[in-house]
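To start, I am sharing the structure in question, which I have written as structure tokens.
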Amino acid sequence: PADTAEYALRLGDDSLILAQRLGWWISRAPELEEDIALSNIALDLIGHARSFLTYAGTAWDKSEDDLAYWRGEGDYRSAHIVEQENGDFARTIARQLVVSFYQFELYTAMLASKDETLAAIAAKAVKEVDYHRDHSAQWVLRLSLGTEESRTRMIRALELVWPYVGELFQDDDLVRSLDGTAVLPSTLRAAFDEKIAAVLAEAELQVPDVQSAPGGGRQGLHSEYLGPLLAEMQVLAREHPGASW
Amino acid sequence: PADTAEYALRLGDDSLILAQRLGWWISRAPELEEDIALSNIALDLIGHARSFLTYAGTAWDKSEDDLAYWRGEGDYRSAHIVEQENGDFARTIARQLVVSFYQFELYTAMLASKDETLAAIAAKAVKEVDYHRDHSAQWVLRLSLGTEESRTRMIRALELVWPYVGELFQDDDLVRSLDGTAVLPSTLRAAFDEKIAAVLAEAELQVPDVQSAPGGGRQGLHSEYLGPLLAEMQVLAREHPGASW
Amino acid sequence: QAGQAAFDAIIAEDSRIEPRDWMPEGYRKTLVRQISQHAHSEIVGMQPEANWITRAPSLKRKAILMAKVQDEAGHGLYLYSAAETLGTPREKMTEDLIAGKARYSSIFNYPTRSWADMGAIGWLVDGAAICNQVPLCRASYGPYGRAMVRVCKEESFHQRQGFEILLELANGTEAQKQMAQDAINRWYAPSLMMFGPPDDNSPNSQQSMKWNIKRFSNDELRQRFVGMIFEQVKVLGLTLPDDQIRFNEETGKWEHGPLDWDEFKEVLAGRGPCNAQRLARRREAHENGAWVREAAAAYAAKQARKTEVA
Amino acid sequence: QAGQAAFDAIIAEDSRIEPRDWMPEGYRKTLVRQISQHAHSEIVGMQPEANWITRAPSLKRKAILMAKVQDEAGHGLYLYSAAETLGTPREKMTEDLIAGKARYSSIFNYPTRSWADMGAIGWLVDGAAICNQVPLCRASYGPYGRAMVRVCKEESFHQRQGFEILLELANGTEAQKQMAQDAINRWYAPSLMMFGPPDDNSPNSQQSMKWNIKRFSNDELRQRFVGMIFEQVKVLGLTLPDDQIRFNEETGKWEHGPLDWDEFKEVLAGRGPCNAQRLARRREAHENGAWVREAAAAYAAKQARKTEVA
């Protein structure tokens, strides 16, 4: 039904927008191994996005591409954190740390969804996201314990990303109404906090002491970064309405 | 006639694309005075672009906005140098140095155009571009003779920009056919070289020893940077066909 | 002492204090805080509008928007200069801003979601600013008052341009009209809150009024503003998201619906939609520009040495 | 001496030289130059395609394109490893590339002007690469031959995907069809020139063939390629921009029209449309990543010390 589709949109949009951000790094990473690692993650995320959007589209008779290319900013349901700019490598890693630890808890919980499609997508995604967790955690260690410069950058990066963590764990009427189908974001917070705390402790870092931004992405209220991102992502498809590729 | 309009498009597109690039700096400049200076220059350039595009449009019954927002990449006539990314402040200044010294010679010569509209636009533009010359030359001095870091950056910036200088001075059939109306770009090169040499000499810099790129912008063959720039510039206008603003 | 007496006399005759005049420490501090906060607001306030420069939907609007954001940089400059006459260097004020120690107007912590926001900001935010600032042209501190004269002149120009943007949208396609109404819905309440907390909850206002810095209370200004936009929105054929606005014949004042001061406090406390982003961007621009400012300073020093030698 | 004799024997029986075997200095140098040039080509070759990742017109195509560019990074890695077995560290090769001292395939100095270029590059550029590289799977130097086996397998996958992109466009709207034809028109001649100068003007080829590195001459490979694409373009319902392609029954070879070798030389000399851009981007990525690589190295060293102590 449409409610489940709306929920699937949120999941798909997070992955799609983050993949779009990560795509920029390919050919620009600090070393070849990272060109490969970041494109791997981006590819996994595109895969998840396609599954979720395809599923969402069944409710409205729309294809994954209809949803990806023909929705305006206000119809996107991504969280602000995935919309954030890449910044330097540390900032990309900080963003990745948050999102992959969040998604790991999310998909783990979703394995028990009574919606079989969601559970099946989660089953595949959770394994991949587990690797993403490892990738970002390893880099947090390297950067925070590497050189003085990298540590300074890592600390700064976490501060810049942290205001957007809270939104990921906000419940609303939609998820509450999808009892047993959707995962209540608030229920993931404790496990997220605990595991993140462990990574940060090993990296000799503190959880950043910064204020939260209120979010709003799930209701179509986005950061100022999403508009230009969509302009670039959708430009070619929109120049050729009805074309197939 | 259409030939003169086509020529005016080239002039307008150079200014428009460069203004679009400079617009990014507003609110991000190294100091408030530069937010103001760079937006001044961008405003002048938008003004020139509007005059040239309005004039060009009379040949095809199109408005300045029809031309700015509804032409695709292949119909743009800008030179590659104005399409180049902003990079750091030094690179923006290096690009500005080249374009403003080129435009100064161009508009000076255009004062004698037998096309009265072009001559009139040039008469206004040349005074403003003279200020742009001064602004960029002053910064080249400050950066090259300032600190070691700024000098290194300035040298690198000039190297990055210089491959795109040659295209500005290429003649082609269109300008040759517009005898007395258009300015033959090749005739401007000597004066450009001489004045640039003087600036660089005062800055204790060499003319960069780098290879030229072949250009092609006047024929609609653009750098890889133009597509994404237009995607962002045109996105809103294209979402509302026929709307007025 | 003599300084205090002279100061009091100037205030009493509603005349102007100049930089070299003696002034109480509290007066100086209040002014530095207020003027630098105003300057910071201009600077941070460039960001929400700069967000649409690259996407402005016509060349004319692009030029107008660039010019407007440029004016804000200019206002920032005058105001920093005015504050500097009180002994605090611009660099110090900038560093306080970057470090998150200084305030700027909370309104700029909201995002600009659509092009119509360029209109709503001009009409409502600049409109509210003008209501606030026109009386400041008569502020007792000379450099501040004079800076405000110039600022106000440009702001009223901006307000008209903002109104024009909305008027064009309101008379445009259905989508444009909706865009305009949506922007007004979002900016209405925050613009009313720009006048600060209700009078019964605004502890510093009294002293500022005694010093002839502030001339009207927060609520007085807010009411005046509501009356103004209530009339203007009719011209647009749009509505304000507040069905309790009315002119109270008895009190002779405009009234409006309740405002969500809890949200205001959230934003003020740093938890608005764009607080983190605005500060990060300002800090990034400042840090990325450090090498440029250093180069300019080094060059100027070398030139000065040359001139000395010659 | 014994080493030379053993080397000659291995070459004579068309068997493989391995890293620890003795080899002539010229052989080693030729291989390092060729392999590192090939590795650089993979790395620089990521850029023209990466240009369309953010704008890919469907999610499926976006994923395929990302995976392809990723494969190229992978190829670069195997090839650098193969070259490292000859005693030149990857860092040195990278630095030569960044400094503009090392070559990469000239084809990547052309811009990707439209989405159809993703098809044309796959079909023509990867197609030409495969023709060049399949014989290299039998190259006398073991690590190189083995790396090429893996590379070729993935390349033929890429070529098929490129062809599919063009097929989809060729069967699409008029605008898509034109886009595809335009891309073929632009990439045809440069892809033919990927095989290198005509045989009568290719001085190093002879020695490489004696060493069993190269197996066929430039012209032989080019002719084979032309024959291949001449047949394939018919499936697309598009044309090659060369009306002189024909199979010569007498010689048993494919023929094609003249190529503009002057343009080729211009690009080779650094005056192609994107030479400056490609190198600048690679250098920028390398320099911007320096602090990350340093951090990783410092961290690894600390970890190693910890392990020692424990």
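First chain written, first letter: the chains are A, B, C and D, and each begins at residue 1.
Methods note: a contact is a pair of C-beta atoms (placed from the backbone, for glycine too) under 8 Å apart; a residue touches a chain by one contact, two chains touch by 3 or more.
These figures come from a predicted structure and were not determined experimentally.
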Comparing A-D with B-D, the one with more C-beta contacts is A-D
When centres are defined as mean Cα positions, the distance from chain B to chain D in whole Å is 36
Cα centroid separation, chain C vs chain D, in Å, comes to 58
Cα centre of chain A to Cα centre of chain B, whole Å, reads 39
Residues in chain C with touches to at least two other chains are numbered 54-55
Check: chain A positions touching at least 2 other chains come out as 227-228, 231-232, 235
Contact graph of the chains (line, ring, star, complete, other): other
Here the pairs of chains that touch are A-B, A-C, A-D, B-C, B-D
Residue set of chain D touching chain A in the complex reads 43, 46-47, 50, 53-63, 66-67, 69-70, 73-74, 76-77, 80, 115, 165, 168-169, 172-173, 175-176, 281, 284-285, 288-300, 302
Residue positions on chain B within touch of chain C in the complex are 16, 19-20, 23-24, 26-36, 39-40, 42-43, 46-47, 49-50, 53, 64-65, 68-69, 88-89, 141-143, 145-147, 149-150, 153, 232-233, 235-237, 240, 242-245
Interface with chain D, chain B side, in the complex: residues 73, 160, 163-164, 210-214, 216, 221-224, 227-228, 231
In their shared complex, chain B is touched by residues of chain D numbered 48, 51, 54-55, 111-113, 266, 269-277, 280
Touching chain A in the complex, chain B uses residues 72, 227-228, 231-232, 235, 238-239
